[in-house]
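There are two complexes below, and they share chain A, which is joined by chain B in the first and by chain C in the second.
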Partner chain A sequence: MAGMSGDDADFAVLGGGLVGAATAWGLARLGRRVVVLDEGDVAHRASRGNFALVWVQSKGLGMPRYAAWTRQSSDLWSGLADELKRETGIDTRFERPGGFSLALDEAELERRVAMLRRLHNQPEMTVALGTEIVDRGRLAGMLPEIGPDVVGGVYCPFDGHANSLKLLRALHAGMQHHGAVYRGGCAVQAIEPSADGFRIRHDGGETRAARVVLAAGIGNARLAPMVGLEAKVRPQRGQILVTERLQPFLRHPVVTVRQTDEGSVMLGDSQEEAGFDDSVGTDVLATIARRATRMFPLLGRANVVRSWAALRVMTRDGFPIYAASARHPGAFLVTCHSGVTLAAAHAYVLAPMLAAGALAPDLAAFAPERFDVSPPG
Partner chain B sequence: MFRRLDDALTPAPVVGLTVDGTRIEARAGDLLAAALLAAGRGLCRTTPVSGAPRAPYCMMGVCFECLVTVDGMGSRQACLVPVREGMVVETQRGARVPGR
Partner chain C sequence: MSAPDLPARCDIAVIGAGPAGLAAATIAARAGLSTVLFDEQPAPGGQVHRAATTTPLADPVAILGVGQARGVALARDCAASGARILSGATVWSVAADGTLGVSLAGAASPVVARHVVIATGALERPMPIPGWTLPGVMTAGAAQILLKTGGLVGEGRVVLAGCGPLLWLLAAQYRRAGARIAALLDTTPRANWIAAARHLPGFLASPYLAKGLGLLAEVRRSVPVFGGVTELRAEGGTSGRLARVSFRRGARAEESLDADLLLLHQGVAPNVNLALSAGCAHDWDDAQLCFRPALDAWLTSTVESISIAGDGGGIGGAEVAEARGRLAALGALRRLGAGDPGGMRAKAAAHARAEIATGLRGRAFLDTLYRPAEAFRIPHDATLVCRCEEVSAARIREAVALGCPGPNQLKSFLRCGMGPCQGRMCSLTVTEVMAKARGVSPGEIGHVRLRAPVKPVTLAEIAAMPTSPEAERAVLRG
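== the complex of A and B ==
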C-alpha cells in the first residue's frame, strides 16, 4: 500500500461487489496496482442479498462453455477459501458436500430430468457434471428430514455453498492486503479513454488507470457504452426468507433450502421480472415457505426472522459476459449472476487474463456478440 | 432478585407448572416470563452464538431474549405466554432443535 496513489493505477475496477472484488483480488495478488471504485452500500449490491450457493448441476443448457466454466470454478473454490483464510483470517465457510434439487411431484421430476438430459447431450459438453437422479428411497438416506411429498431429486457432487457475506469481506480484506485501494462512495460519472489509458471521473474525484474493468452489475448497462461496449443486463428479483438458528439438520444444500454455517436456514429462490423494485411480497414469500416446508416439514415450526429481496444481474440468455473493448483496448466488461459460484474462476482464471491484457480465445463463447444474431429470415 | 408486590393486595389462585422438570408456582394471570423471574428461574436460555446466559429483558415482546420451549414448542416468547396449570416449560441450550 505504501507509496501508491489511489488516483493512478494499473487497473481501475468499477464495482466492489463479489465480481469486482474477486477480480480485483486476483489482479492485486499478481502484483498489479488496483483501485476499486465502488458506489458503496447505496448500490443495488446483489452481493449482499444472494443465496450463497456454489452451484453446478443446472448450469450450461444453451452454452456448454458455461457448464465447464462453472465446474472449473467449483473445483477452484476450496483453494480460494484456503488462500483467503490464510491471508485474512476470514473463513468463508465453503463446503462442497454435494447438493440437491428436489421435486415435489412426478411432473416436476420429469421436467428436471429432461432438462439435464438436454444439458448433457449438447455436442460441445466438455465436462461431466456428475449429476445423478436420486429416487425417494436413496434420498431418504442422504436427507433424512425430507417430507412425504418429495418424490425424488437430482444430486451433483460439485455443488456446495459458502457464507457470501464473509466471502465479500474476505475479498476486500485480501485485495487491500495486496495493496489494492478501495474507494467507496465513488459512483462513476464518466470514463474517458486517453492516450495512456483511461480517466475516470467519479463522485470522489478522478482516477487514472492503464486499464479499466467494468464489474458494476446492473450498473454496467450505463457504463459499458463509455468504452465502446454494450452490457444488456436487467434486474431479476429474487426473494429470500431466513429462519432463526437451528441445530444442524441439513448436511447438503438444496437449491431452494440451505442451512448456513451459523445454523439459520435460508429459503429461496424466486425469479421475478419487477424492474428495480426490490421489495418483498407475501404471496411469493408464502409460496417459497410452503414449498420449503413440504420438502422439510420440520421447518414448519421454525420462526422466520427476516426476509428480503435482491436483484440478480441477468443477461437475456442468463450467461455471463466477458468482453474486451475493440474500440478502446484495455477496457473490459465482466458481468454474471453467479458471483459466488464464479468467484474462484474470476480470481484465478479471469484476473490473470486481464493482467496479461487480453481474454483467452476459449472465453469467446461469453462475448456479447452472441446477442447480435439476427432473427431467422 | 425479583419479589412480588404484596400478595395480599393482588390475591390470585396458584397455578402450578414445571420448569426443566421442577415444579414452580405462579399466580393465575401471570405471564410466563414474570412467573419465571418471580420463581428465581430467570435464566431461560443460552445463546446459539456464544452460549452466554439470557434472561427476560424487555417484558413486552420486543427483545426475544426470553425464548423458552413451552409444551414442546421451541422459541416461545415467555413474556407473551400466560401461565396455565400443568404447563411444561423447558429452558433452551443454544440453537433451537429443529422440529421442536
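== the complex of A and C ==
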C-alpha cells in the first residue's frame, strides 16, 4: 500500500473494474507509476456481473469504427491472455472457437440477418466480420445439442469468450506486478486540476497525479464534469442465470448461452432500463430460462445455482466514449459496456496513447461531441 | 409445468415449519387470514423437532428427549388452525413485494403474499479444521438429522469435537441410540469460563439450567471427555477416509485417537440467506459472532412486508423461537389491519415478549461460554474455507493482500461462495478471515450479497414461471 499522507503518481486511474484495470495494467507495463482508486466491496460493478464474451459479430451498426475497434481487440486478445498468464500464473481461459447467435423462429432469423446486412453495408466498414448465416442442418453438426425449435443462426469466426473473473484478478495481479498501487474503499469526492496535474480527494485521503483517467463506469457521469468533460451514461440492467457444472456439451459460445471453462452454463442476458435497481425479477429470468431450454433442451434438467443482475454502462448510442479534456489537459475519460471484449484494445492500444499524453486521431469517432448533434428523426 | 397445488395468492406466507413457523402460521390462520406454511422437509417440525411425527426410532422420546412431544403438539395445533401446510415446498426466492418463487414436486410457481414471515432457523457454524473435508468427518447437526429421520447412528469409533449445547445433546442422544463414542473433545477455551462467570446469575434463572446440567452429567458418566482441546486435526488413512483425530491439550504433547467418524460442532448461527436475498438489512452481532437481521419490536425487518421469526433473527433456542413466531404473526396481523376483537393482540404480544425475555435469560452465559476459539473460526493458511470451490484460507489472505476489500470482490476473484451451497458453509469464515487480515471488524467486511435462487432449482422450473411482454423484449436480441 502507498504512503501515509497521499500518493504521487504519473497516472491516477479512477475505477478498478475491467476498464480501469486493463488501462492501468497497460500503463504500468509501460513503466508509468499508476495508482488505481476504487470503491469498496459493495458498489455497482459491471465487471462482476458480465457475460464474459469476447464478441464481434453484432458490433458496430451505426458506427463502423466500433466494428474495427472490436475486431482489433479480439485479434489482440490471445496475446493479452498469454502475457497475463506468464506474468501472474492466472489463465484467463480465453478461447476463440467462433460464436453463434441462434434464432428460435424464422422472423427472428430474418431480423438478425437484416441487421447484419445493414451493418456490413455501411460505407465506412474497414474490416470484415466474417459472419455467415448457418442453416439448421449445419448448426446441428457444430452444436449437436440444439433443440427442435432452433431454425438457424449466425456464425462469426472472431467470436470467443474468457473467464472474466480470472481476467479481473489477473489484471489486478499484473498491474501490481508492474508496481501499480491499488487502493480499494477510496470513492472519489473531488478532482482538482492544478498547475502540475490533479489533486484527487477520496475516502482514503488524497492522491496527486500528473494525469487522471476516469474509468469509473456509471460513476463517470458524476466525475467527468470535475475535469471539464461530460459522460452521458446510464445504467442498463442485465440479468444472468448460471447452472451447476455440467459435462462439456457446448464448444462454441452462443450470444446468450455459454459453457464456462469450469463447466457451469451462463444464460443471459437481458437489456432492461431499470435505473439503479439491480435486483432480479422472475419474469425476465423465466424468459431467459425458457429461451435457453428451447435452444438446448438438456439444460432443463440442470440446477440453477445463482442468478444476478448487474448494470451495464450505456451511452445513448451504445458505443464507447474515449475523450481527452480540452480544458484540463491530462484528464481522460474511458467508458464502455464491453469491458471484456475491449480489454485487449484498452491495454495495448489505448493505454499507450494515454502514456504518450494524447488520443490518436483515429479514435475521434468515439469523442463525446457526437452527442452534441441532435439525433435524426 | 406449473405447480397445481400452489395457491397464487395468500395473506400471510410463512417459510419454515419449525417452532417459530408453526406458531406464526397458527396465530395468523386463527385470526382468519389465508395462511400458507411452506416447508422444505417431508413433515413439519424444523430441525429441533425434525421428523417429530414420522421418525422410525422405536422410542423417540427416550432417545431424543422429551422435547419432541412439543413438536407434535405444535404441528397438530397448526393443522387445526386452518393454515395450509405445504411440505416438500422449496422457497427459492423472496422479493420485497411479497412474491415468492416456490418449487413443489418439480414445478415452480410464484406465490404473492401480503406479508411474509421468514422462519428458516439456524445453520451450524462452520468448523474449518485441517481435514474437515475428509470422508468420515461431518457435522453433529447432520448426524442428528440422520438419527431423527432414519434412526441411523454412525458405525465404529465415534469422536465428537467442538463446543456448545448441541454437541452435548447429540452425545447423549447418540449414546442412548447405542453408538460407540470414543471421546468428546471439548474445544471450549478455558478462559471462556472466567468471562462467562459474570453472566452466571442470568443463567441460574434460565429454564435451560437444569436441562443443561443433567445433560453434562449424563454424558460425563458414559463418555471420556477431554477438555481444553486445541490444534484439532482430522487425518486420513490409506483409504482416503478419516483414520484418526489429533489434538493438543494445553502444553501437553500431541495426542491422537483412532476414529471412524468425527462429528464437529461449534454452535449455530442464523440462516440469513433468504432474508439477505430479499434485501433485509443485517448487522454483525459480536456476542453471537454472526450476522442478524435488524428487527423492530414486532420482528419486522427493514423490508416492511417481511418479518423474521425464530433463530433466523438471532439464536435463542426452540422456546424463544416459538414465542417469536407468535410475536411476528401478531405484528403481521397488525400491519395488515386484521381485526383485533377485545384488544387481545397487545396482551398476546406482551406475553410473547415476556416469554422471549425469560427464554433469553441464560443466553449471554451460553454465548460467552461457548464462544468458539478464534483458531477454530479463522483457520491456518492450508485449511480449506470454501469447500465447493476448494479455496484455502491462504488464497483468501492473498486476495486481501491484492487489495480485495470484502466478500463480494473475493467472490469474483476466487469464486469463493459461488458453489452450490451459495456460501451457507463458508460465509462466516470468509468474513472473519478477511476481517482479521484487514484488521477491521467483521461488520465492516460485511456479508456476501445473495441472490435468488437461494436454493438450487432446475432451469425447467424457472422456465415455467410466468413471464411478460416487457421481459420478452428485454431478452430478445436483434
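The criterion applied here is as follows: the second predicted complex is superposed on the first by the 367 of 377 C-alpha atoms of A that agree within 3 Å, B and C clash if a C-alpha of one lies under 4 Å from a C-alpha of the other, contacts with A are read in each partner's own complex, and residues count from 1 in each chain.
Everything that follows uses one rule, which is that contacts are C-beta pairs under 8 Å (C-beta built on N, C-alpha and C of every residue); 3 or more make two chains touch, one makes a residue touch a chain.
Just so it is clear, the model here is predicted, and its values are computed rather than measured.
Undergrad: Let me test your reading of the model: by the given contact rule, A:N121 touches which partner, first (chain B), second (chain C), both or neither?
TA: neither
Undergrad: Quick one: is A:L299 in contact with chain B, with chain C, with both, or with neither? Answer first, second, both or neither.
TA: A:L299 contacts both chain B and chain C.
Undergrad: Once chain A of both complexes is superposed, is A:G263 in touch with chain B (first), chain C (second), both, or neither?
TA: first
Undergrad: Is A:S194 touching the first partner chain B, the second partner chain C, both, or neither of them?
TA: Neither chain B nor chain C is touched by A:S194.
Undergrad: In the superposed arrangement, which partner chain does A:Y182 touch: chain B (first), chain C (second), both, or neither?
TA: A:Y182 sits against chain C, while chain B stays out of touch.
Undergrad: Touching A:E145, do we find chain B (first), chain C (second), both, or neither?
TA: first
Undergrad: Quick one: is A:E244 in contact with chain B, with chain C, with both, or with neither? Answer first, second, both or neither.
TA: both
Undergrad: State which residues of chain A lie in both footprints, the one left by chain B and the one left by chain C.
TA: Shared contact residues on chain A: 244, 262, 299, 301-303.
Undergrad: Write out the stretch or stretches of chain A touching chain B in their complex.
TA: 145, 244-247, 249, 262-263, 297-299, 301-303
Undergrad: Using the touch definition up top, name the residues of chain A that touch chain C in the complex.
TA: 16, 38, 40-42, 45, 47-48, 58, 101, 108, 111-112, 115, 165, 168-169, 172-173, 176, 182-185, 241, 243-244, 255-256, 262, 267, 270-272, 279-293, 299-309
Undergrad: Name, in rising order, each residue of chain C that touches chain A in their complex.
TA: Against chain A, chain C makes touches at 93, 95-96, 99, 101, 110, 279, 399, 402-409, 411-415, 418-420, 422, 445-446, 449, 451-453, 456-460, 462-468, 470-472, 474-478.
Undergrad: Per the contact definition, I'd like the list of chain B residues that touch chain A in the complex.
TA: 48-49, 73-75, 94-100
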